[in-house]
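My questions will all concern the structure given below.
Going in written order, the chains are labelled A, B, C, D and E, and every chain counts its residues from 1.
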Amino acid sequence: MNGVNDEQMAPQTFLYGCVLESGKEGHFNPEDDELEHQLDLRMACVDPSTKDELHTVEVEGRDSEGQVVKATLVTLKPSTLPSVCLGGFTITPPAVFRLKAGSGPVHLSGQHLIMMETGQSFDESDDEEEEEE
Amino acid sequence: MNGVNDEQMAPQTFLYGCVLESGKEGHFNPEDDELEHQLDLRMACVDPSTKDELHTVEVEGRDSEGQVVKATLVTLKPSTLPSVCLGGFTITPPAVFRLKAGSGPVHLSGQHLIMMETGQSFDESDDEEEEEE
Amino acid sequence: MNGVNDEQMAPQTFLYGCVLESGKEGHFNPEDDELEHQLDLRMACVDPSTKDELHTVEVEGRDSEGQVVKATLVTLKPSTLPSVCLGGFTITPPAVFRLKAGSGPVHLSGQHLIMMETGQSFDESDDEEEEEE
Amino acid sequence: MNGVNDEQMAPQTFLYGCVLESGKEGHFNPEDDELEHQLDLRMACVDPSTKDELHTVEVEGRDSEGQVVKATLVTLKPSTLPSVCLGGFTITPPAVFRLKAGSGPVHLSGQHLIMMETGQSFDESDDEEEEEE
Amino acid sequence: MNGVNDEQMAPQTFLYGCVLESGKEGHFNPEDDELEHQLDLRMACVDPSTKDELHTVEVEGRDSEGQVVKATLVTLKPSTLPSVCLGGFTITPPAVFRLKAGSGPVHLSGQHLIMMETGQSFDESDDEEEEEE
């Protein structure tokens, strides 16, 4: 029985990556499936096709009052700082990533964590049970 | 019943961002709502409009004796180091961020965490209960 | 009895390292041994034999729907940024690392963590029991 | 009752900062108050008044046998690397920080954590109880 | 009684530092004392006496099958990247650090953590129990 409880809270870790370019946003918006989703952003980097200018990444999420807010996440330049560790910046969905400056590509990567919601009722989620095993 | 206790301590994560310029401070001072607030600073960065000089960010908070203290958080320069990972620097409110050198803009971002206070009495907070659900 | 449970979940930490070159991938794919494996990537770096050009490392893993996905992990250049902290990027096996740009060598290092699977049945693993003690 | 135990172990977080110059050390040596103190160093940085040369910071603490030991913590140069994330380097008091090279100023910042000592006897600390409330 | 168990698992933190030069290795190999030892590497840096060339640090440890393995930990150059955060790279003893390139000095620092072994029985361990069973 304790095992069941432990399993409820143990997050599963999946790979997340997106590429930002002019007019091409990245999204973290998992489907509404009664599970708790979280994105831990780990790295931002350019690649050899990225023009040598400052690239600034903006993230759009929610503040503590539920309002949409934007924050400037990271600024990179191929010849100065081609990679930056984001150190596990935790993003709660829904979130959007976009370039505020530069035409990209800029790559974001990290871990998509999935947990059971602490208040989840198993009675309501019978249909998903196979996926949890 | 254990579930209720777990839920009490599980922090909720929101997006925090502020922009520092000459004469424009950033604040982390959530309203007094009986909840425990914390800011985990993740990133500091400049943007393409930032002048190419050293920019130094100061944080003003409280030391262990309740006195106001200032610490120098980070120094950035667009052509040398346009972004710095702050690695989850935990800030307890109230705190103020300001530029000590440079005219900005410098962007700070991170996670606003909200927890129940461990010693909170539910009897005293009936009026806020809707917000917690 | 509690001791046994604690021991089940305590991860053991081993050293992981791989070298990426043109045509030489790195793999994290421990044998199927009923234990839970995880890789916490810590560092990426070049060495003095690495040509002075941008090197981009790609990781191939699984997303939350079990599909193979690729993410760009880090970009390094010997004369600009010879080392990058990856900050504990957690990789769930199976995963493949490869150079998308540059001919290497690029070195990845980190910690190989081994845990008991939470749902493990000891009845099925009698033959391995000596190794677990 | 569990609440009391939880509260005992929950660390409180305060702001710590010090400035190192030639002949001016920084100290982390909280008064002996029966509480457990810890410093999590987060950032080291220069400022615009720092001369453009390599600055090396040394920390003096204790090894596992109680002997005084010195370690070289970080090296900064304004034109190359004006800020470095220290990633939460945990320092147990007493500790001293000083410049081994360069004349400064170099700024260190982080979190001063205060916990109850796990073995603390409340019977012995009646006089301090007001401060703990 | 719970207090005793908690205390068993609370790690104590000590300062660790070593200096690597040509022909001078660093070691993390605490004496066999029935306690569990761990090294969390935090920082690598050069100093003003380090020649301006790429310095590459190798770590030698054990993989999950008990075999000796080597990994390339970090590459530094005084004029490009004089310090690198290692972010808490966890090293299980025995481990050896050495320069693969460059003549040093390169400094490593971090935290030496000491824990009780989880399965340790105080009654049974008078004679040292021959390596934790």
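Quick note on the criterion: a contact is a pair of C-beta atoms (placed from the backbone, for glycine too) under 8 Å apart; a residue touches a chain by one contact, two chains touch by 3 or more.
Everything quoted here is computed from the prediction, not taken from an experiment.
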When chain D touches chain E, do the two copies use mostly the same residue numbers, with over half shared, or different ones? different
For the identical-sequence pair chain A and chain C, what's the CA-based rotation angle in degrees, nearest 5? 70
Suppose each chain is reduced to the average of its Cα coordinates; what separation in Å results between chain B and chain C? 32
Averaged-CA centre spacing for the pair chain B and chain A, given as whole angstrom: 20
What positions in chain A touch 2 or more of the other chains? 80-81, 85-88
Touching chain A in the complex: which residues of chain B? 3, 6-7, 10, 12-17, 19, 30, 42-43, 45-48, 78-83, 85-88, 107, 109-112, 114
Sort out for me which residues of chain C touch chain A in the complex. 5, 9, 38, 53-54, 56, 59, 61-64, 69-77, 80-81, 84-92, 95, 100-101, 118-119
